[in-house]
Structure formats: structure tokens, C-alpha cells
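Some structures are shown below for you to check.
Below, chain A partners chain B and then partners chain C, in two separate complexes.
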Partner chain A sequence: MNAPPRRLTLDDWDARYGDLRRAGLREPSYGGPLRRHVADGDHRLLRLQFDNSAAALRLWNFLLTEEDRLHAARAEGRRIVGAMKDLGTVPVMAYSLPGVVAFYPDGAWWTPCVMEMSDELLAVADRMGIDETFCPVRAMLGAFVTRRHFPIPDLLVCSAGAVCDDFSAIAQRLNGLGHPILWWEAPHRSEPEPDEEAVPLPGGGRAPRAQVAFLESELRRVGEALGRLAGTDLDDARLADGIQRANGIRRRLRELREACFTARVAPLPALELLIAEMLAIHFCSDLEEAGAVLDDLLDEVRRRVAAGTGFGGADAVRVYWVNPVADLRMMNRLEAAGGRLCGTEFLFSHALDGIPEDVPCWEALARAAAADPMAGPARDRAARIARDAAALGAEAVIVSRIPGASHCATEGGVMADAVRAAAGIPAVEIEVPPLSDAVAAQVSTRMEALFETARARRGCGT
Partner chain B sequence: MIVAGVDAGSRAIKIVLYDTAAGAVAGRASCDQGVRQEDIAARALDGLLADLGLARGDVARVVATGYGRAALAFADSAVTEITCHARGVRAVAPEARTAVDIGGQDSKVIWLDAGGAVRDFVMNDRCAAGTGRFLEVVASRLDAGVADLGAMAAESAQPVPISSTCVVFAETEIVGLLASAADPRDIAAGVQKSIASRVASMVGRRAVEPVVLTGGVALVPGMAAALAAALGCPVALAPDPQYTGALGAALLAAEARA
Partner chain C sequence: MPLPSVIFASSFVPPEWIEAHGLRPSRVAPRAAGAVEREGLCPFAGAFAAAADGPDVAAAVFTTTCDQMRRAAEIGGDGGRAERFVMHVPSTWQTPAAHRLYREELGRLGRFLVRLGGHGPAPGELAACMERREAMRDEVLARRPRLTSRAHGDLAMRFHETGVLPPASDTVPASGGSPLMLLGGPMRREDLGLFDTIDRSGGCVAVDGTESGEREWPRRFDRRRMGGDPAGELADAYFGHIPAVFRRPDSGLFDWLAAALRATPVRGIVVVTHPWCDAWRAEVPRIRDASPVPVLALDLAGAGASAGEGSTRVEAFLEALR
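Up next is the complex of A and B:
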């Protein structure tokens, strides 16, 4: 069952799945061979390379069956909340209530990433005036129109203010299409003035007390709406329990990241680590199962670390990666070019930090929301990236941009400059559209040149 | 020992043979890039070797670089053009701290440390602005050769501003300028200035002197001067700038064999 780590194509996985089944693989209800998702339209799987562990199979199956879970929830009479833009706050509240399921319709931006253009979500968005000058999250609009993916939520909640401008525009268009949205304001995080009381935030930042208090009042307003939807109050006891359970996911992810980033040989491919980290914000519509999936992955990673096995060898260049990619093949390319992950910042570092459990629960959630890297200035995010990259022994930093995504259009340069200046680490920016074939050679050259530079620096001790 | 560096660029293939015993270039050649990249490169390499009375078996190691490097199966290894240009610049201008390479399809700025190693680099994004392709399109529109553009630009009394950075839009802009009877020499100078300005924006405020210009576009007369004006500092032209990457590849091949 526990074969040495290897990268598999989808064809390889067919054979591996048969072997695992014969060896007595026990699967959850959403289990099965990866190949079946291609029949559902996930064509990108044909062009990826996967980790060969049963734990990775479970992770992929969990990810690719989220829509099934949402439809089942609707059929079972559970209430569905569409949380938008906040990246890891509203689902904590929603999963604190009985009979409520939350998911991120924004996650539809991944649909073209796994289905390529077969589902035409981007084409639908085009026809609605939200064209390629916008972030690929516009795919969400297409998903609401075609109704072929997730069920239409019973309640849509969206943060506005210090969030991605593109998304605000897209969400307003959605509102105009007859999908009412409960808006809440995420204020731009500012440095406390000398005469203002400062509140420490998860991850090491701080914010003015007044901002955190405002956020708390906004979250309480959302909580009241969620309570009305659930038919029961979201009281302190429930929220505190929900925070504890969310922290359980975050703790597992921190352990997974630490095990992966500090291992001599990378025990998990970059692609699977990216997928796993995403669970921090959306739980893939099942918080408890997300924990079980992560437990399996952690077991596998610990086994590999103990055995000293993994991917890329000990010589691989240690790379700190910033922002998620729209074309998943890019994570495979990182390793093909001779790199490995030693740190990541996929735009939701605040969803990996534990939510404080030693302060009143509503304030704790407000502090966690205030720590959102997108809510603050780019220099704050850049400073944390530079600090983390240095602490994790990064030899190179890759800042990935998503075309049209306004929140990272200019941030990339700020972050790359910060790691160069503060940590003396070479950095490159790359831009990765959902279909990256046209830029693949150029991006590969940048990665390879970055790694050649990093290796050359080993020799001269810089 | 003879080693080879093959720079399979987007517009041309450049080959440098290096004699490690003599510590000098033994020969070099270039040819246009084409569809069957490996065949074209192999023929060019064999032709150069034959001219020198050598055969493939006399070559101890081949390092490929450039956009088509992965296609050259006969090479012993492939190294990016960033590293190769840096190595080439170290050989021909060891004092350089910034190397600007303007190639057929992309442009790059490489910052070098005192030992000539790459400290950092940037490359142009997506479009062909600031590359040799831009010059080709313009030359075609002006009914001139790329090599003639420099001489034309030198005679310009007042360069015409080219506002479009996209090659396609710039071509349209030039058609409009020609229709309004703009002097082709002023257009040529405007284009040169536009490319230099584009490259200067990649350098930003990080130009560390001395700055050296490499790549095929450096052969266009006036390009180094245009870049110097845009950067606000002197820019030296690398000797035989189109061969800098191939030379670097050959030197890396020699070092790998040492």
C-alpha cells in the first residue's frame, strides 16, 4: 500500500488504483479512480502529474467531489451559504451552526483550471460584459448562470471594501442578476496611530482597536443572518466551538507545512500541497472530512520524512512560492525545473494562523479577518513574505501573478523587491493564465534561470 | 579540447567553438532559425566544424542555450540564456555589472556581482515590445532592412514618438504616420527610442554601471546610444554581441569538462 513516492500520470494512476484496491484500500464514499473525473469534464487531469499515495488520491477525490456534496446537502434539506471573497472567515461561522453548509462560489475560478475551457464559464462571463480584463474569478458568474456546478446558495455573503476590486465588480453584477447578497465591510487595515490602541493580530501584525471593533460588529451582523437561516442563534458557545474546529484544520495544515518545508527531501509534491492548503479556507464543504483527509496526508508525509524519501532529492532548490496559480501544471513544472517548495503564501496566510482562543470569540474572529493579507498594504504582506522566506531557508522566491487579478497586478514587484532587499534572495515574477501553453517556455526559462542563479550562489556562499 | 556553445534563439542560431587549450574562440557561425530546429543547428555545427577541419567527435561537450535549447537533443546539457549571457559577458567585459540582452523575441536585464555571477534578472513579459521582432516589423513597414534602421535613425532630425508598446498596434501607428507623410528616418529613430525606453523600464532605477549591451539587436547602429540616453548612463557594446550567449554556453561547456 505504501509505495515509495513517485509522480504518476493519470494512466499510471489507473494501474496504481487497481493495485491499491487489491491491497485492500478502504475508501470514503467519494472514493474511486481519478480517471472518472475526466468523464465529468476535468480534462486538465490528463496533463498533470500526481503524487502516488492513497492519501493524495483521497485529497484529489475530496476536492473534485465538492459539488456532489453540495447537491447532497441541498437534497438533505441543509441550508447552503455562499461565502464570497473573505477567504476563511464566514465559513467558520457557518460551520458553527447545525444544518448549515458553506462554500466559496469564488472557487469557481478553479473550474476552468481543471476543466480547461470545456465548460465555457469564461465565455459566459464574456457575454455578460465581464471579459478577460477581469480576474479569472469571473468564472463564478458563468457558474451562476449555467447552474451546472453548485446549487444556488440559500444565502450569499460577500465582503466589500479592502478586497479585490475585480471581485466587487463581479459580485455586484451577480447581485444585479437577481442573486441578493448580504454585504459586509472589510476595512483597509492601517497601522495604529500613536494615540490609538493597537490590537495584536494572528501572524504578527496589528491593527487599531477601532478597526477590529468595527469588523466585529460587521461579523456579528453576518452571524445574525446566518442564525436566521439556520433557525437558531449563532451564540458565543457555538462560535467558540466552531473556532476550535476550524483551528483543528489550521493546526493540521501548519503541521503539514512545517513537515514539508523543513524536510531534507520534499515529502509531498508542490501540486498536492497547494490543493491541501486550500482546505484552510473552504474545508471543501465538509469540515470534519477535511480534517480526516489532512490526517491521512500528514501520516503519509511523516512516514516519508522518517524514511528520507520524497521528490527532487536533497539538491533541489528551495523555493518560496507566492500566490496560487491558475494553471496547475505550473506546480509540476517547478519540480521539473529542479525546485521544491520550502514555503508558500497563497494569499490566505491569515487562514492558516490559529484564530485566538484566549479572547472573546467574536473579537477573535474579527482579529483573524483583520489579518487578511489582502486587507492591508502590500508592504505588510511583502514584509511577512520576506521574513518567512528567510526563516525557511528559501534560496529563491517565485511571485506568480494571475492575469486580470487586480489584487496582485502591482503587488508582485513590491514583494519581489522586498525579498531581494530584506533577505537578499533572488526573485522572479511570472504570470500564469488558466491555459499557460503560450507562455510555458518563457515561464520555464525564468524558473530554470532562477534555479541556476540559486545554485551558483551556493558555490560562492552568498 | 574543443567545446561548443549553441544559442538557439528565436530568430537565429549562433554557434561558438572554443579551444580550451588555446583559451580562445576557435570558430563561430550563425544561421536563421527555422522549423526543424535541431536539424538546422546540427547542420550549422557540422558545417562550422568542417570549415575548421574538425568533426563532431572532436567536440568534447556541447551546451545548448536559447529559446530552442530543449530541442537540441545532440547537446550534452541545456542552460538558460540568462546564465549563458552572464558567463559570456564575464568573458568579454568582466567589469560589467549590468548586462542588457535584446534578442529577437525577448529582452532581459541581468545584474552581475563582482565575480560575474548572476545576482538578479528580469525578462520582458508576454509581448514583443522592446525586442528585435519589433524592429523587424518596423523595417518591413519602412521597406528597409533591420540593419538599415540604425543608419536611417542617425539621419533623423526629430524622432517621432511611438506611443504603442504593442508591436501590432505600433505597426498600425506607423502606417498612420507614413500616411501623414512622416519622415521614415524620424520613424526609425522613434522606434529605436521606444525600444530603449521599454528596456529602460525593465532596468528601473537599478542600472549599475558599467552597463553592457548584448544580443543581435545591439548590432543595429545607434541602439547602444539610444539605450544610454534612456538609462541616463553610458552603455558599452559587447564585442560581437550576437554571439555572447553562445560564447557563454561554450565557456560553461569548458568548465563542465574541466
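Up next is the complex of A and C:
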């Protein structure tokens, strides 16, 4: 069952799946061959290259069956929360309550890619005046209008304030279409004033205590609404337990990242690592199962690290990747161009950092929310990226520019400059559309040029 | 020697507050010429970022009223010439906590102004500034019927930038013509060409609902509350009442639209948006739905709204309204 690591096409996976079954593979209820998802419209799978492990199969199946899980939850009478924008905070509260499932409708971001535009979500958004000057999250609007994807949540909760314009405008549009939204304020994280009391944040930053206290009061307000939905209070004991369980997922992900980033040879392809990280934000609608999926992946990765096997060889250029990619295929392209991941920052580092367990639970969650890299200045985000990139031995940094995203107009430059200045690492910004095939050659050339520069610096002592 | 100014672009930064701290407030209409330009950057935010490094600027206040503006504070990085202050203006407004946060942000801005060389407001100083500014706002509105749209646009802009009004004799005959409402994002200096186009094409601006116009003025101050707690009254008049596009929810904007259309009948609405401005571009279809009169959506092109195609579209719109 434990074959040496190899990249597989979907066709290869058909054969591999048969082999695994014959070898006695036991799968969870959502298991099955990957190809069946193509019949559901996930055409991008036909063009991706996958990891060949049973753990990766489980990961993909878990990811691609999320909508089924949500519909099943609705059928079973569980309450569904649509958490929006904050990426990692509200679901911790929701999953602390019995009978509540939370997910991010924001995840429709990837649907145009995964379905290769066949579902026309972007076309629906276009018709509503939300055109390509907005980021791919506009697909979410299409998903709400067509109702062909996730069930419409019982409660929508959206952070406002220090958030991107794209999401804020689109969520407001949704609101205007008759979907009530509970808005909560995420303030811009400011530098503490001279003499102002500050508190440490997960991930190394700090924020004025008053701001964290404000966030705590906002989260308590959200918690009350969630409690009303669940028919029972979100009390301290429940939240503390929920934080512990969320931290279990975060811990596994940190272990997975560390194992992958520090191994001599990349034990897991970039694509599967990206997918795994996504589990941090809402656990793919099943917290316990997300843990089991990650445990399998961790086992596989540890095995490979111990055996010294993996992808791309030891001389692959170590790349720190910033921002999620609208087209999953870019992760394959990174490796085809001679790179490997040695660090990532996909906009939600605050969902990977452990939530403090040594301070009262509401304050702990507020601190985690305050650490959101998008809530503070780009230079804070850049500083952490530069620090991490240097610590992880990155040889190149790629900031993937998200088409239309309000933050990308300015922050890409700030971040690239910061890593160049602080760590002397070459950095480029590359725009990745939801389907990048038309620009594939150009993007690959830019990556290859970057990697060439990085290789040339080896041994120069720079 | 005049005090160096503290510049800002958002209507949620009360000039009275800066003035009462002994500094010179200037709500600028930045120039398109010389703006910072980047792919995806709102031209207004880029123009304001450039203005922040202008001469005689002691500090620039950026607000979180949109992500583009919040992030524009970092253009030039720490190397910006003038001090930069990012003020969090809450998007939510339905909770007491949001109002308190705005008030606290005013306090933080005040402390910044003191560090900049200003002073805390002396007793009665803030209230006096509030009275004076309010009287000038009244005067700006009162002069509209006697001025062309362009002349009135210039007057309002000058008032926001300098806090003074030229003598009333300095008037230009009103243009008359089909009354229009302007709605949408803020105007750069070059965008005032739009007013000329409207005047020339047989229209007039009867209501300025852009971010530079009277829609974003505070409500009238309550003299009694001003006496007891002027800062509280200031905060409420601004934060509690300006129906801005970034508020969540944004129902106040549409309430204002309905009320303004009832109070001042217009023949059409021109909605102006800057390229890459998600906040306003997403609202255009809703404004169309909510409007009982025809709506023209106009991109404020890089060089200003009066440029080429925009001008032709305004002329055609006004012709159709006749």
C-alpha cells in the first residue's frame, strides 16, 4: 500500500485506486476513486498531478465532498453557519456548539478553477455587475444566486472593517439580495501608542489591549448569536473545549508544515500541502474527520522523511509562497519549473498559529483574530514573511497576485521589497488567474528565471 | 507663517477636531496629475498618497473606510515624507461598541496631533470650531442656487481644503438646466471638469452625493449636547449620521437616497466611480434598482471625468433627459 512517492495524473489514479483497493484500502464514507468528481463537474482534476498516497486520496476526497457533507448536515437538522471573511475565527466558536456546522462560502473562490468555469459562477457575478475588477471570490455571489453548491446557511456572519474591499462589497451585495448578515467589526491593527498597554499575539505580533478587548466584545456578540442558533449558550467551558480541539488541528498542520518545509527532499507535493492547509480555516465542515485526515498525511510524510524520499530532489529551489493561488495547477507548475515549497503564507497564518490556552478563552480568541495578517499593515505581514522565509532557508519568494484583489494593488510591492531588504532573498510577484493555462508559458518562464537567480546565488555566500 | 497642514480625504475625519488641536485641517481634493499609479490601485487613493508627500504637509490621515485607502498609507513605506496616521473608522454602526470605537479613534488621533506639535482643545475651543464650520457649511449650501455647478464645486472644494470661504460677491450666474444628482466616490481636482460638462450640456448639479459632496457632511450639531460634551456630539454628528457606502449594512445610503430624491427632485443621477473601487462599483446596480429616475454610471477615467468619452456620455444623458 505504501508505494514510493510519485506524481499521478487522474488516469494513473484510476489504476492506483484499483491497486489500493485490492491491497485492502479501507476508506471513510466519502471515499472512492477521484475520477468520480469529474462527473460532478470538477474538470480541473483532469489537468492536475497528484500525490499517489492513500493519505492524499483521502485528503482530496474529503475536500471534494464538502458540499455533500453540508447538505447531509442540513438534512439531519444541524444548523449551518456561513462564516465569511475572517478565515479561522468564527468556526472555532461554531464548532464549540452542539449541532452546528460552519463553513466559508468564500471557498467558492476556487470553484471557477476546479470546475474550469463550467458552472458559470463568474458569469453570474458578471451579470450582476461584479466583474473581473473584483477578486475570484465573486464566484461566491454566483453560488448564492444559483444555489447549486452549498446549502444557504441558517446564519451568515461576516467580519467588516479592516477587510478587503472585494469581499466587503460582495457580501453587502448579498445582503441586498435578501440574505441577512450579522456583521462584526475587525479593527485595523494599530501600533500601540507610546505608554499604551499592549498584548502579545499568536505568531509574534502585538496589539493594543484596548483593541483586543474590543474584538473580544465583538466575538462575544457573535457567540451570542451562535448560541441562539444552537439553542444553547456558548459558555466558557464549551469555547475552551472548542479552542482545544481547533488547536489540535492547528498543531497537526504546524507539524505537517514543518516536516514538509524542513525535509531535505519535499515529502509532499505543493498542491496537497496547499489543500491540507485549507483545513485550518473551517475544518472542511467536520473537525474530527479533518484531524484524522491530517493524521494520515502526517504518518505518510514522516515515513517519507525517514526514508529520504519525496519530490523534486534535494536541489529544488526552496520557495516561500505568499497568497493562495486562484489556479491550483500553479502548484504543479512550481515544481515543474524546479521549485519546491519551503514556506507558505496563504492569507490566514492566524488560523495556523495556536490559540493561547493560558488566557481566558474569549480573550484568547480575540488575540487570535487580532493576529489576522490582513487586519494589520502590509509591513507587519511582510516582516513575518521575511523572518519566516529566512528561518526556513528560502531561496526565493513568490507573491502570487490575486486578480482584482484590493490588497494586491499595494501589498505585493511592500512584501517583495521587505523580503529583499530583510533577508536578501529574490522575490517576484506573479498574477495567477483562476485558469492560468493561457499565461502558463509566461508564468513558468518567470519562475524559471527566478530559480536560476536563486541557484546562481548558491555558493556565492549571498 | 501658516501652520503646516494635516491633510485627509475622508469625511469621517472632523476638521473641527484637528483645528481644536491647534493644527490646520485640510480635506484635500488630490490631483490626478502626479498621482501614484499602480495596476489595481484606485486612482483617488493613489492621488491622495501622492498628496501626502506634498509641501507644507505635516501629516496625512488615512482612514479604513476602504481597503485601498487603508493600504495607501503604506505607499512609500516608512520613507513617506510626512507623518501618516491610520484611523480606524468602524464599518459597523448598529452597536454602541462601534460608536465608542470611533470616539476612541478620535482620541487616538488627538494624541497623535499633540505629538505632532498640537495641543489638547482648550475649554470651549472645540465647540467654537464646530459652530464656525457648521455656519460655513450652511453658507456653502446656500450659495448653490446662485452659482454654476462648476463654480459651486470649486467653492466647496476650496472650503474643504482651506476652511475659509471667499466673499459672497464672488459669484457666477447659476446655470439652471436639468437638475441632476451626483452620487459616488470622491472627486479629484481634475474631476471637477465633470461639473463644467454638466453646465455646458444643459444640466446642473442640484445634489452632490459624491464622497466630496454634502451627503457626507455631518448632521447639524445639537447646541445643548455641544455644551456638555462637544467631542461626543462631534463624534455622533459624524459617525452616527453620515450615510457612507462602506457602512455595514449600508442601508443608510439608500435611506439617504430616497430622502434626498424626495427633498430635491432631479431628472437623473450620475454615479461616478473610480476604476478599481469595489465599494461603489458594486452599488451601481442597486442604485439603478432604487432610483425612480434614469441613472448614468460614469467611470472617472485616469485623467478625470471630463475627459473624452465621459464628456460625450454626460452630454448624451442630458440630451435624453430633456
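Methods note: the second predicted complex is superposed on the first by the 461 of 462 C-alpha atoms of A that agree within 3 Å, B and C clash if a C-alpha of one lies under 4 Å from a C-alpha of the other, contacts with A are read in each partner's own complex, and residues count from 1 in each chain.
The definition used in the following text is that a contact is a pair of C-beta atoms (placed from the backbone, for glycine too) under 8 Å apart; a residue touches a chain by one contact, two chains touch by 3 or more.
Remember, it's a predicted structure, so these values are computed and weren't measured experimentally.
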Item checked: Combined model on chain A where chain B meets chain C, clash or fit -> fit
Margin query: If we overlay the two complexes on their shared chain A, which of chain B and chain C does A:Gly129 touch? Say first, second, both or neither.
Written below: second
Margin query: Per the contact definition in the header, classify A:His188: touching chain B only (first), chain C only (second), both, or neither.
Written below: second
Notebook entry, point to check: Just chain B (first), just chain C (second), both, or neither: which does A:Pro377 touch?
Noted result: second
Note to self: One more residue to check, A:Glu452. First (chain B), second (chain C), both or neither?
What the structure shows: first
Note to self: Looking only at chain A, is it chain B or chain C that touches more of its residues?
What the structure shows: C
Item checked: Touched partner set for A:Pro98, first chain B, second chain C, both or neither -> neither
Next item on the list: Look at A:Ser217 in the shared chain and tell me whether it touches chain B only, chain C only, both, or neither; answer first, second, both or neither.
Entry: second
Next item on the list: Figure out whether A:Gln442 sits in contact with chain B (first) or chain C (second), or with both, or with neither.
Entry: first
Notebook entry, point to check: Is A:Gly18 touching the first partner chain B, the second partner chain C, both, or neither of them?
Noted result: neither
Notebook entry, point to check: Upon superposition of the two complexes, what minimum C-alpha distance (Å) separates chain B from chain C?
Noted result: 8
Checklist line | Common ground on chain A, meaning residues reached by chain C in one complex and by chain B in the other | finding: none
Next item on the list: Under the touch definition given earlier, write down the residues of chain A that touch chain C in their complex.
Entry: 128-131, 133-134, 158, 160-166, 168-173, 175-176, 181, 183-185, 187-188, 190, 193-194, 210, 214, 217-218, 221, 377-379, 404-411, 413-414, 417
Checklist line | Of all residues in chain B, those that touch chain A in their complex | finding: 67, 79-83, 106, 113, 115, 117-123, 125-126
Checklist line | Residue ranges of chain A in contact with chain B within the complex | finding: 420, 426-428, 431, 439, 441-442, 445-446, 448-449, 452-453, 456-457, 460, 462
Item checked: Parts of chain C lying in touch with chain A, wherever the complex brings them together -> 38-42, 64, 66-68, 70-75, 77-78, 86, 88, 90-92, 94-95, 97-98, 101, 104, 108, 111, 115, 246, 248-250, 275-279, 281-286
